[in-house]
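Shared between the two complexes below is chain A, which pairs with chain B and chain C, respectively.
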Partner chain A sequence: MMQPTVAIDVEFRNVAKSFGAVVAVDNVNFQIPKGSFFTFLGPSGCGKTSCLRLIGGFEQPDSGEILIASESVAQVPAYERHVNMVFQHYALFPHMHVAGNVGYGLRQRRPRMSAREISKHVADSLALVRLSGYDGRRSWELSGGQQQRVALARALVNKPTVLLLDEPLAALDRKLRKDMQVELKNLQREVGITFVFVTHDQEEALSMSDRIAVMRDGKIVQEGSPTDLYSQPLDRYVAGFIGQSNFIVGTVVEAGDQVTIKTERSVLFRAPKSKVAKSLLAGDNAVVAIRPERISLGNKHEAGVESFAGRVAQVTFLGDQTEFHVETEQAGRLLVRMSSGHASFVSGDPVIAYWKREAGLALLNE
Partner chain B sequence: MPNKATIFLQYYAGLIYIFLYFPIALVVLFSFNSGNYSAEIQGFSLRWYGETWRDPFVLEALGNSIFIAVTSATLSTVIGTLAALALQNVHGWLRNLYDGLIYIAIIIPGIVIGIATLIFFVQFFGWLNPMLQAQFGPSAPRLNLGLPTIIAAHTLFTMSIVIVIVRARIAGMDRSLIEASNDLYATPMNTFWQVTLPQLFPAIIAGFLLALTFSFDDFIVAFFVAGPNTTLPIYVFSSIRRGVTPKINAIATVTLIVSLAFLFTVQYLLTRSSERGPGNSGTVSSDNQASRV
Partner chain C sequence: MSLPTFLLLAPATLWYLLLLVAPLVIVAVFSFGARAPEGGYAPAFTFEQYSNLPTRITPFINTLKLASLGTFFGVLIAYPLAYFLATRATARLKSILVALIIVPFWTSFLIRTYAWVTIMSSRGIPAILIRLGLVNELVLLNTPFAIVLGIVYNYLPLMTFPIYVSLERLDKRLLEASKDLGANQLGTFLQITLPLSASGLVTGSMLVFILLMGEYLIPALLGGGKIFFVGNALVDLFLQSRNWPFGSAVAMALNFIMLIIVSLYLWLTARLSGEQRQAVSLL
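Showing the complex of A and B:
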């Protein structure tokens, strides 16, 4: 028997939720460990927001069970759940100034909290998000980033068990978003509250999360740490969604830990089977995923690597790195990313694209 | 260079405006006439305003009108707001039906409402009064047409205006504000007092002012159900039969100014609240907007 080593703050057991004919959440199971930064990642419409709203109590599941701090919340209305949400568009109360917004949750407490105590907590919370002195401002007088931090302060001041964040950075411009990613992560470490974060931006998910649940069509496709998902994607969808990948399709000729694959052009090559993916049998359609940074370009075939001959079709200089699109006869178009110092090929050059066998990952092509 | 047709249209538009506003301008102009007759200007004076203010009949009618307007507007605001909130929970064809009925109630001519309410009151009192007599003997109160019936009739036709205005505001309201309040531990009741009502407040005030104006200006409906009482429009109507005096002009001018003041306030409330309203709380203001503050 496995004993849980950490407490679980949120758990879904076979939770399903439909809106009319649309299945927004399809029989989902997960556990969010206490104090972790957990992210739902997936394209728009895959059910991320619905999961958050189920936790917050704004939607009721059609079936299944939701537990917060190990207690079923089936009978608990939103206003009694010790969970707070940062809404996608912040939902600050326009008829209240900043301090009124931040103190809102504390003012609902019974027995009442004294006004002195409330204003002290509000000041602390505003200091936490570096907005001291903004107490008297109205929400429409604030920039997007500031509104977002007010929304954060308004939620955090209640010291919730779980903080829910629905794409809180999506409305910010790129530079501000980067800063806020770091800030949010630091804030989470500082307050030690479980963060449940929703984003469609895989970069954001990778850089902030302790664990990521990749969603598709209302289901969790794969859940794991950012490194797990990056190095051991379960299928082509995850491999394509988390970071970039080249995909070479073919048929399994020989199964095993090392899979031999015949490409559509009848070239044989080998790649290790994914450790987490479904097993591959001879005759299965397979796809081999290779990250662009794991491929190198050279002038001759070398021993002990997989290599394909081709021609440079396009060169994109990215500063420290350079991207090459290589058109190969046998494996189609490959994206290759190399340190700028190491590559001096220009468009039209004949090249050999090669990678170490273990850089590839053989997956079932569904 | 404008061609002939454009020039013609410009003059035409000008004529229309003159046609619309010239009579009103005349009323205002003649209210400042110092002479005894409306027909000729004899000099500028506030004499008629003073005389009007001292006329006990005018004051009584004005008092009635204000009392009726404030009471019926208050009633229709409370009932209309509650109805608008309740209609939020009605869906499907029933909701369309209610919506349709509200608009019909607005466009029904005053004369129809006047006749309908008159018939209703007469029938109702004709049925109720004998019953009261039988119950309490000859000393029982006899219900009759009067201020309460005007108030009831006015509440009836101003209520739909309040419903429409408040409904529009509810529809434009950001649902996530309610959810945010729920999320922050406010019970549904507290959410109503702390978020929903403040969000609807400009629309409720606007509805109240419109109801006030409509009731204050109403002649037709009041004329049917007033019984022996006079309101300001009824007073104006009955004195006009003895000729248009400068007093009437003074009353009309004051009514005009007060009504316009209310309407501008309504306009201001409704546009301001939609600019800064909850519908916009979602949009993220840019950084330069913040630095401007």
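Showing the complex of A and C:
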């Protein structure tokens, strides 16, 4: 999975954590390489925050082992871990101005750091998040984006081994969120600190992460690079969660590198089998996942592709791209996304939806 | 002023004019007057009463001592209690404890205080402790200890609830943020919890201090009445020696001290909560 030469900053070994009857983290294993941008992605309640809080030391695991920089932290309280957190709602101290907040971690150091040194580090850290000159402001005088950057500066000033970020962009509006995604990624490269990021937004995860762990019900379903997860999802859940997918269900007629599938309407078509998922056997229930942008619309059946005839049910113009909902006899409703210049179909037009065979991915339908 | 506004404000305004402003004006006028030969008030304009105030300096000092000690021990006991209620107690335990704090106050003050007289008298706790052989002799009643106990007991809710409210309002995530940044339990308490509950602490202290300035019954009942407070002085001057003008001057002096304390309080709370809120870092 990972080259042994890469140092591991955070590792979970069979870590489990329950709150009463709720299993928040269910026997989780992962390794986060030093200096990487690692993201926990999953819907609300799947245990992302719990994983972060376990790393930060705000929760203790029921079982399993947590290692930070290759050392077990079972006996290390939160305030002694070389880990800092950017909290979901920033948790800035209201009775301190910006400089007081940012310098808080440094003021806890023993032996004490001189006031001059502290203010120098604080200024550097504020410059890093482009908030120079905001030292004397109060948290309530700042916009959401600025508060967020103060929270970042307050954590980064301590030069932690690992920085934990719990949905730090969730409270920002869309435009600002996009800007902050880029900024955060650049910042991570600049400081070289391991970032452990939590989000329920797959787009955010794909655009920023080196590695993503997709979570569901306290378990990591699949872990890999954004391109791995996008092109080789392990199951239908990941295929649907990371980007959008069309799913055509059917039964496996013939298994091999190419799988032949009979749809519910008894139409045969083929798709390559997944390289990472469980292999399929004849008779299995299968689902073929096809990305909307890999499907094209045309007027006639062509050779060498999979194609289904249908009728355009709905057209959504997205600017550079246009989305078509195509109702097909044999494969149900398909979502198709094409460059706006290439598509001039309107609602009600009869069309042929087609894709190259490699665009499909045959998975076991659980 | 619209009619509804007038109607809403009229009862309270009338009440305050009649029962607060008018008596205050009377006391102020009396304090510049002279004592009538048979007692009471004789119209005059003299500063004689005020120049006599130093003769009553001892009750003032005793009163300030009582108020300070009462407030100090009140904080000492109420803060941990409020802290426990706000941060540690389960919902169930919280309601039980709050009930335990409030329920005694459904009984009249005199009954409660006389109960303490009995408990601390020679046939009360001292008798039990002597019988158990824990002490050879013990006097509780008519000691400073009894006074402080009575005061803390009676003023505890007044001190506890403002502190409790400010601690309850405190965002618990700030405590986690503090620990995340390397502060231990004590550091977090001193740098986050205490400054952010200072407004409750100041409010509780002010309430108790002001009320203790007029307190004389508890020391009279539990302290044996050996110490003379401003309250005693006023009762004495108005009812015994019937020197109304001098009594009025003493009352005015007391009002003046309270005014200073309330101003101090307003200034402090403005600093704690207003735009100029400064970091009240105690480290």
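Definition applied: the second predicted complex is superposed on the first by the 363 of 366 C-alpha atoms of A that agree within 3 Å, B and C clash if a C-alpha of one lies under 4 Å from a C-alpha of the other, contacts with A are read in each partner's own complex, and residues count from 1 in each chain.
Keep in mind that, in the parts below, a contact is a pair of C-beta atoms (placed from the backbone, for glycine too) under 8 Å apart; a residue touches a chain by one contact, two chains touch by 3 or more.
Because the structure is a prediction, the values reported are computed rather than measured.
Taken together through their common chain A, the two structures put chain B and chain C in a clash.
Set side by side, chain B and chain C differ in how many residues of chain A they touch, and the one touching more is B. After overlaying the two complexes on the shared chain, residue contacts for A:M85 are found with chain B and with chain C alike.
In the overlay built on the shared chain, the residue A:Q147 is in contact with chain B alone; chain C does not reach it. By the document's definition of touching, of the two partners only chain C reaches A:H97; chain B does not.
Once chain A of one complex is fitted onto chain A of the other, the partner contacts of A:G105 extend to both chain B and chain C.
Contacts of chain A with chain B, set against its contacts with chain C after fitting on chain A, overlap at residues 56, 58, 77-80, 83-85, 87, 89, 91-95, 104-105, 108-109, 154-155, 158. Of all residues in chain A, only 56-58, 77-80, 83-85, 87-95, 104-105, 108-109, 137, 139-147, 154-155, 158, 171-172 touch chain B in the complex they form. Those residues of chain A that touch chain C in the shared complex are 56, 58, 77-80, 83-85, 87, 89, 91-97, 100, 104-105, 107-109, 138, 154-155, 158. Of all residues in chain C, those touching chain A in their complex are 171, 173-174, 176-184, 187, 191-192, 195-196, 275, 277-281, 283. Contacts from chain B toward chain A in the complex involve residues 174, 176-177, 179-188, 190-191, 194-195, 198-199, 276-278, 280-287, 289-290, 293.
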